[in-house]
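So, here's a batch of structures to check.
Shared between the two complexes below is chain A, which has chain B as its partner in the first and chain C in the second.
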Partner chain A sequence: MRKVLPKACLNFFCILVYIFLAAPIVVVLLSSLTTTEYIVFPPKGITLRWYAELINHPEFMQSFTLSIMVALGTSVISTIIGTMASIAVVRYEFRGKTAVTQLIGSPLLIPSVVFGVALLQFFSWIGLAASPVALVIGHFILTIPFVMRLVVASLVGFDRSIELAAKNLGAGRLRVFFQITLPVIKSGVIAGAIFAFITSFDDLTVALFIVSTDVVTLPVRIYTYMQYQYDPIITSVSSIMILLTVILMVVIERILGVGKVFSSKN
Partner chain B sequence: MSYLCLENVVKTFNKTEVVKKMNLEIKKGELVSFLGPSGCGKTTTLNMIAGFLDVDGGSIVVDGKPVHLLPPNKREMGMVFQNYALFPHMTVFDNVAYGLKLRKVPKSEINQRVLEALEMVRLSGYEKRYPKELSGGQQQRVSLARALVIKPKVLLLDEPLSNLDAKLRQEMREEIVDIQKKVGITTIFVTHDQEEALAISDRIAVMYEGRIEQVDTPVAIYNHPQTDFVSRFIGEVNQIQGHVVETFSGNQCKVSFDGYHQVLSCPGTKDTLIDFYLRPEKIQIYQEHSEGLRVRVERKMFLGAKTRYILQLKDQQFIADISNTVLNPDQIIEGQDVLAVWNPEELLATKK
Partner chain C sequence: MQAELEMNQEQDIQFKQMKKKKSKKRLDSWLLLLPALSIFLFFFLLPLVFLFITSFKNFDAATGIGHDWTLQNYAKFITDQFYLGVLWRTVKIALITTLAAVVISYPVAYQITKVRGRMKNYLTLLVLSPLLISMVIRCYGWVILLSNNGVVNNALMKLGLIDKPLTLLYTEFSVVIGMVHVLFPYMVLSIMGSLERIDPSIIRASQNLGAGPIRTFFSVILPLTLPGIFAGSVMVFSLAVSSFVTPAILGGPQVKVMSFLTYEQVSTILNWPFGSAIGFLLIFIATITIIIYSKLLTKSEKGVAIQ
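On to the complex of A and B.
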């Protein structure tokens, strides 16, 4: 009985945190429905006009497609290389292992602005113009630490005798990897892929240094648009981004269970 | 005709030979245990047979064909691991079916063979469970079914019972022997538990420091150990020293154990000391007897079916285990002097 009050306090505090986390999203979603020419919260009236208005702004659609493609590319490459690197780091001893691990983790420590400048310098030095490839390279470096963290976590405590058991039953190396190892570390790999996708899709700082007038990712597009105009198109675009993320999460939840993905257990 | 042959098999880790020119021949359908303390090379040898480790010398021949250069997936060996090593992402059915699927066995046959294998290990009805939903003993049974369903040439068991609790361990070992005999599969059973090895093996290979000390039936290993290590490692022994007082022709000599004279067949020289081993259950004690070694009962411990007597001779202690149906422990009082008697044939000569 004495525990009722502290428990109520805790619940109250939790609710506050949730409100704090969810409020910006709600504000964006609701203000995209306003009938006014400017962003306002709470919205005045309800209309889907700003979503329809997007048709007159093909550059948003273009940027959206580019962002999706870059995020997909980043996610795939980062996950494949990150998984292979994780296996190497966890299972094998080699010269310079610590150096490699530190180097791969270093983008987490460097401010993105500094990293963006460095990339810009590097790309102009090797003569690589602003392009989706350049973006994927930048985002790959940015996301590989996340992928490796998650995959390494799922590899630690991996019981290798199941690989021996599979070999013993007649499986070759490739089969062992795809039928045994990969399914068991699947949650870490998928979590890494999602992280990579979202990080890339969301990235503004690094992309700012790489984009050109015809290669503009969605966050950069929103950012530059906002510098000149401040109408609810921004919020309708943002709302679509939010909805997409939600759909992505729901799909993953349906297939795997988000809890499973992020707990790095089977 | 031996079915599985190890010929001069050598394994070296960091320049240390952990398996030293090992030779062993196993007959078809035989169950042979590798028994030894940890670090004796028994698991290393098993891993070489399975193909998880390369041999650094010698050869392994199965059914007349050398296999030591084949990768593990081509060796047709069924292995049961200490920690079961079930695939956590597959159901019991899929675990057992895995090897058959790799062999491209038709689906209906897979179905039938998996169900048969599960029935054999008494797990019918568990097909749809996942490994983590099973107890340790059940997981071990799945592991056994998975190894046997592919009809391997040799079954390899790597300390399969050591993660189970004592009662289950006994049940499982009986079950393993039953199944092994039923299937008639050539089996190697690695264990550090001598009771387990004695109970289930056709023959035991006692290993120590990378060598096979002795390969023999459990009875022979226990009653006629060929090396000091085997004498000390299998069962318990008392070490006892005798003084040769007389020698006869034909390797017979009269030995005195502190005045208890016995004629033994063993090579000896007059006026030398010889060490023997003597098993605790081979000693009888009497309050009154025509002859025997006079000792004092230091302590007695009631152990249920038998009683263990700690006997003191000068500065040396012996243990004697005597069945309570042979000697009522109430008749013996701690601190009392008794006569310890044994059959001279039970003395195990030490090898120096």
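On to the complex of A and C.
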């Protein structure tokens, strides 16, 4: 009795928290199926009408494509740049190392609104207009610190004697990196790439300052649409995004295992 | 003599090679750093320095940024009751969010560290899933839940608990709810980390000495996880103070916080200098939090060492 009661309370409380966590996501998914002209939960009837309706809103599709492109570009390039910098920070001793790591880590302390404003002012001064490239540059600053954290964590526990062995057996530096180092730190690098993709795809704050009328990412599109309309179109767009995330997660789970991805985060 | 000289020469050559290697290594490290460093200097540090300068310029209705130097922007903020109220609201919301996050995260973190195997993976994934789903969408879910004819109000009215809908949306309450939902995973991860570091033999010792599960929890486990709670709280607080998306969607102009004020000044009122000043005050608050935290952390680590 002494042991059972606290445990039951704990489980009950946790279930409430899980409901709290799932609630907004479930509500969005289910209310996208409604037959009504307005958002209602629980949905009245079941239809895929609001998904079909998306055909009449090509702007969502455009924004979606743009967001995927920007997120892919950000993810690939910031993973490469971040991994290079991580190797420099972990493997080499040089003057100004602390200053460099502090500079690259500091975006985690700077509110993204302030960074967005600063970037908007800077871009307009140097004459860089809203474009996918401008968005990717802005997102680098948000993603590289995360990539570096994850890659540095996987580099720190690295046994360098296998690299040395490869070198002694005559492998060149690039070959050592691609055949020995990279496979060992793979999970950190992939986790970094995924985080970079998600961060870029999800970013509203910085993009809000960079976008123009014809370059609009999906989060910005949804945000501005929401300000004026309250129809189930948003819920169907959102549901598609949620389903894509779930698919992505399943793929990651299959390749890496969830535990691995997140344990390297600490 | 001859042998000695040869040895000397050999050493000399070795030394030269070493030096060469060293400078090559230094070159390597800078080459590896170059892309990241130049991006950060050019697109992060420089824009922020320019914005900082802007915050000391006067407002010009025609161009936005005037040519004269002034402290007016900062003075305007700290002398106006309205702006100070926004600052206080921002800090208040962040504090309540942090507290609520600790209370709801701790039991969950505790439960996850207790279960083993696949179940643990699934629960971890469930807890972290909010991080992976777009923040805009999650906040939108809360809009549907909390609006006047939303799920919560309808349920309460059907149960007969209220006669007319409560105003839940666009209040400090809705901002806190959304913020806890968004920042919850950070707190759970941090507390889980410190729970997992506890040596199980300490818990067994406490049980062997006759303490029940509740006593063991409050006098052994909780004190040992305080550093984790601390670390999570600082992270959640600093993210809550500076967050923009959640207060913008769930609070809007009705519940103005510092980040929204910055956005509004810059993009609607076009008062760049004042917007920049608000932004830098926000950075100031976030930095102060981190400094206080690291001071406390070194103190508490000493405390743990003494124990």
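Here, the second predicted complex is superposed on the first by the 262 of 266 C-alpha atoms of A that agree within 3 Å, B and C clash if a C-alpha of one lies under 4 Å from a C-alpha of the other, contacts with A are read in each partner's own complex, and residues count from 1 in each chain.
Just so we're on the same page, a contact is a pair of C-beta atoms (placed from the backbone, for glycine too) under 8 Å apart; a residue touches a chain by one contact, two chains touch by 3 or more.
No experiment lies behind these values; they were computed from the predicted model shown.
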Which of chain B and chain C A:61 touches, first, second, both or neither: neither
Winner by number of chain A residues touched, once chain B and chain C are compared: C
Partner chain in contact with A:243 - chain B first, chain C second, else both or neither: neither
First, second, both or neither for A:180, with chain B first and chain C second: first
Which superposed partner A:156 touches (first chain B, second chain C, both, neither): neither
Touched partner set for A:46, first chain B, second chain C, both or neither: neither
Contacts of A:11 with chain B and chain C, given as first, second, both or neither: second
Chain C-contacting residues of chain A that also contact chain B: 266
Residues of chain C touching chain A in the complex: 25-26, 28-30, 32-33, 35-37, 39-41, 43-48, 50-51, 54, 104, 107-108, 110-111, 120-121, 124-145, 149-151, 181, 184, 189, 193, 212-214, 238, 241-245, 248-249, 259, 262-263, 266-267, 272, 275-276, 279-280, 282-283, 286-287, 290
Complex interface listing, chain A residues touching chain B: 159, 161-162, 164-172, 175, 179-180, 183-184, 186, 266
Of chain A, residues touching chain C in the complex: 2-3, 6, 10-11, 13-14, 17-18, 20-28, 31, 39-41, 81-82, 84-85, 87-89, 91-92, 94, 100, 103-104, 106-107, 109-115, 117-122, 125, 137-138, 140-141, 144, 148, 198, 201-202, 204-205, 208-209, 219, 222-223, 226, 234-235, 238, 241-242, 245, 248-249, 253, 257-259, 262, 265-266
Chain A contact footprint on chain B (complex, rising order): 50-52, 71-79, 81-83, 85-89, 98-99, 102-103, 132, 143, 146-147, 150
